[in-house]
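When the chains are written out, they are named A, B, C, D, E and F in that same order, and each has its own residue count from 1.
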């Protein structure tokens, strides 16, 4: 198996296929154009400069293209950089495809789907169950492929479903320890809380915000969807308002984007479970390549903190 | 015409009908019960104590009852108080009704309805026009009677419609001076921005928050309604998202309850027009009884400031 | 079994023993002294006024005295109040003792001690294990009896140990779902994080802050104790600093009293587990007497929010 | 008529006169000097690099020089850049002057002066009228030429007067709709509110802050001027204090630079009118070149928001 | 010498003259009026209730009246209260005057005046010296009698001058240790920084804010006065702006009322010296009656902190 | 004597020895490596580029190496830059040593030690005196050599001791003017307040944070040390807690890193003295090279303000 780009050390030579994640043109001080390429595989990404780039190069080496590169790993401003000695576009017989280079959730889509379906199956309140099942069915295909965000946490293929499955398992453990919690509300709130992201975001690859995502946001989007689902299913109980509230308040505070703070016990706990899973994901990824006795890079969404891996944790 | 309760001076005698707005039982240090009555007419309200209240008195003098009172105006802790000498419930031949004691917008409902209809009529974009007309029709009856809030500004009968009409007139003047503004968006945004209050609030009298008002809030309520209206009218253009955004962002900032800040020019201006009209209303009411050369009471929603009426403004 | 004071409704008659939690003298407008008594049993507390109190009464009905009372439940300013018809001090043959009136953790001290000991027993890192065991032994007696706070959450006898045991169980579940977490660190951090409260607070009954508690605070107190324990046990590894950091940072942010924010993964998660357990405790207690379809009183440490119990949660 | 620099698209060729707004020397990685030129005309500005710049070039191509350039429009880091093919200083027979390249208010100075004079003429309170007229006369020449700021809004020649005139027209509309407002106060407050900028700023071209501007600020400067004017005109009424207050408080809050918040109704409304006109100006300029269906660049003084131009606004 | 009112203990009998600082009418639950009197002498103040007060009593026992009282010290809600047994207005032959009951600076006005004059005499920059001398002369009489505030610190007769003299002595010590400081600037800034309070406040007794104080504030008032003084003295150097800046910025930050933050070294240090002296004054007064081993009451302007007097400080 | 690097003007030629403070590799647009060198002597530092750097150069010109350079001073982006014409490593007979290039406190270590010892000698409370003396002895060697910080203020050799000595002198002056202050507490608090920095920081040269510094911080480190010292010296009085509190609270507020705010008078004053000395140091250094009539660079720890040196201060 080929070594991932994240595992090379300074001075090593690289001879592998990589995917161009981004390609930006610059003009050097000698007046000639160059390309700054962000190259990725499933383990991570690295920057490379393609000097004296022709107009053809700009087209050939654009985003979402697979390339074959040969070069050396340098250290530049605290990060590794790939100094290219050779680059060419993928050829038919190279036998690689884009999916080989994209990070994906560690659990298969089908398994996640099965698990979530089981959680819905266990619900006792039929109003909650029907709304949840209806919306999962309506948006299920995208839901199983979208990332949970464009960056920060679960920003990989199927990250959204993976985040939801982890939260469901955590919710199950928490509600076992605190039996006063209503499992139906908690499970449904978790399954729906970020579902609006399938409309807020553009898709699983090269993810950006849609106009609707920018102007309305995933919270209001899914609150609307719950309202329409209830109308369609002819459900009128307080469950509709309560589910809308759980989703509406899951960012916890107005200044974090929730027009109402949690005012129901399960809404408060949903906010905590969401936070805990998101932060575990950030921390695990940030500390993955950190050696015992060293600090990670600063993690912006964790208040820009740098985390230490104790030396005795071998 | 009878003098309003707000116009009495300390030492004057009162002999008039008033409406009990609130009645709260207390226990005096001699162990006997008393009632604290808030009595109102259209000009304002005053506190009175009914000492040695029997259990019958508690029932007779409860909230929303009209009474005939005789007493004197005292000064107590910076406010006027009515010292009761005589009180009795209204009698059939007193020829007064509750509406006589409630503050109401200074313009008739019918006139406001006509004016708003005219603004809708002038719209050129039929998607915006149809959604606005549909929702006004759906909630028009309540819209013309509800207050705009439980306190702070326009907290009187038909206050919601009165606030909207004032804003529309202001928007017309502003968009004449700044012709780059789109009138359709501005007018529709104004008509819809607080319409969710007919669900958020309990009604025109003794107004409180409903459960849906507390858990979802008028902003998300009306955003949902716009979505349902568009579905019902089979409108699919970007106008739907844009109108939802105008309403969604009209509180201006996340910490003021808008999950998204204004990101469209007309949304930003709508926020300003809303603010300006609300503050004019607060200021005019706070300064109404202040004499030139004196300061008003502190106005809580205006950062608890006290306002001065210059001595040369006779 | 006698009905608890929290379960009486307005209009019902009370004839029971209660403990005076606080007794404050006032002077009525007739110039005579009266006592405001806060009376409690294990279910809650209620206010009562003792009018025309003599100087003897002040002594007889002072704090921490058990009394026999007869009276009626009234409603006053949104809370129940006990209108006394008769009150006398406890008599020898009444056969009640103070402990009968104090709220206590729902798990026996011995069971909690056994559970915590087991968690320590399972630790694999002997430095962490020895420091934890040493400090638990040093302060164990008080630890098993103290509340976790003077108010807000776990403010009852053995509340501190109960909070720790709940957190340990939660930590076990969380670290099973997220196996990258180091259990030793998490368990030790939880056992020690609030242990300084046995010095910060005055004791299990009528709890107040000590001078050392006010000036130094439980966080710095226990950080010092860890340092001294390590010196005593001649442990010099990085475990000492790391344990100190876990305790030091468990309030999460400087403005919440942690001189350093969490900079180790287990410190971050400890902060979350602490928060989640404390809030579950507050929420369960606040919602205990709330009926479905109603809102709780405002809960100050939860940003003064009022929580709703959905009507369909029967 | 020549096409403005803001209207060129990538790939087009430029052959025109431009004004050097700023010229900064850099040293390229080959050790040779180069100049970064910001070139402007009335429609906007563009960056260009002059490579291998000699010491003579530094002098020839300094700030406030007109040049004749030939080159191509490139795209670089999200902005257009001019790649120079030829550059030479202006020649006598080129028949261009600096004023041709500077952005100016869309209304002539004389017309603005006339309009403001008319507003003063309509004032009824002679104290307010005399102070306003005196200060406008004292600083009128600069007032009609200065920008309203060095950046953010109305940062062009005569921008200060243009801002004031727009505000006066808006104030007239507002006070017609809310007749309780005192027009004299509002008009005078508007005319004076930013007049201190003629001392705070260095002048209409290449505008920077003066020492007095930095240390005292335009608010305190004009408050002092009002005091001196009153002394000179021997006016002693409360109007002096009230006018000073209007200017002093027009930033609205202490943290925005007003030592006192508005405490007079007209002061509060002046603050709103100032804000509304400033933001309309920012928004119109930011959206000028944005196409329907696209977002503007981020606007720093509008909380760094990016604004959307709806696709249906053709 | 008579014992001051602050030195009585609970249970002791009082028989002395006191000054009525404030007198407020209330209505008791028996319907009769009573007066709440705040009685003071130079050591402090105490509350007393005058029950069953007639309309004559309201006049006789109004603010700024000296009374002869007999009564007992009680404890009520954490504070001492005087239970009146007898009260009568002062009589001619009682031989007491208002000044006997007012707290005054511990240094004589003449001595303070002499000291400040000496500091001015030592100045070397004649522009600074002349402006300072001119303004001290213009407002000197009031300056020597006014308090420095209505509450919080130096809120006694001649408190303003006393605060300034303490700051001057501190400035002398500081500038000896840090010789880079310009003494002229520092001394003049200190003498002038709060001089506007002679216009902002109503006078030395029963001090309130004037209209000008409320609308303009002491900072802007004295900045204007410096400008007028310079004009009168025909001084045009940068000293004028710099002195204005020192005063303008002495609250340190915009949110604390300074439209500009300190931007000159001596301005920054002036802010610190002002703070240090004000806080020493608050702390000394708050701790005056606190016994070793006890905490003071909460001090609002010190972030509502309570201060501890160590037990070993006998 | 050789001219310091801070005193060269643009255009002047440099021929001197300098110490490499930092050396960072970059890759130029021609693909060749270059080094960015920060060169320093006791007066300041300057940047230089070493183009076309070989791998040998990287080793030869690494951090903490002395070099002989010849070059010219250029201006680049608002700062001076040294354009190298020649560079070579130091040679044995150059007769320079690292200490010649490092900034050091202006007072000799021995003199500072003597002065601090004298302050301890004057203490009257033997508990305070013994703890202070013990800790100074334990960490004295490092204390006299460490800087007070890695940047911002007193960031030079022996800066920590120099900061303490300046504060002691200031404390002496302050406690003379305010005799209610306890000198023992103030002096001991000052000597100990930053002593934890000898563990928090790595050493006097190329100073960074240690792991313990990052995770625990100098405040908690020294609080622990005081506890251990007291245990070692068998001191049990309240002095221990009080000294710990003084150190613990010297950052003033929770959000500035103090888990408790000052709650003892001397703690409050210690915080002020610390601030005043730190800011004087920053201001003096920032203004050192500023000419009268000009502004300094922005000073980040002083809220990013720029300070003005008045033109009349020649």
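Methods note: contacts are C-beta pairs under 8 Å (C-beta built on N, C-alpha and C of every residue); 3 or more make two chains touch, one makes a residue touch a chain.
No experiment lies behind these values; they were computed from the predicted model shown.
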item: Each chain counted as touching subunit B and subunit F at once; value: A, C, D, E
item: Shared interface partners, meaning chains that touch subunit B and subunit D; value: A, E
item: Between the pairs B-C and A-C, the one where more C-beta pairs touch; value: A-C
item: Duplicate of the B-D contact set - from C-F, A-C or C-E, the pair where over half of the pairs recur; value: A-C
item: Geometric centre distance via CA averages, subunit F-subunit A, whole Å; value: 43
item: Where subunit E and subunit F are represented by their mean Cα positions, the distance between them in whole Å; value: 40
item: Residues of subunit C engaged with two or more neighbouring chains; value: 29-30, 211, 214-215, 238, 242, 263-264, 295, 308
item: Contact pairs between chains, per stated definition; value: A-B, A-C, A-D, A-F, B-C, B-D, B-E, C-E, C-F, D-E, D-F, E-F
item: Residue ranges of subunit D in contact with subunit F within the complex; value: 24-27, 29-31, 211, 214-215
item: Touching residues (chain side subunit C, partner subunit A) in the complex; value: 125, 127, 166, 169-170, 173-174, 176-178, 180, 182, 185, 237-239, 242, 253, 261-265, 268-269, 272, 275-276, 279-280, 283-284, 287, 295, 302-303, 305-313
item: In the complex, subunit B residues that touch subunit A; value: 211-212, 214-217, 219-220, 223-224, 227-228, 231, 238, 241-242, 244-245, 248, 254-260, 263-264
item: Of subunit A, residues touching subunit F in the complex; value: 28-30, 34, 49, 51, 74-77, 81, 83, 293, 295, 308
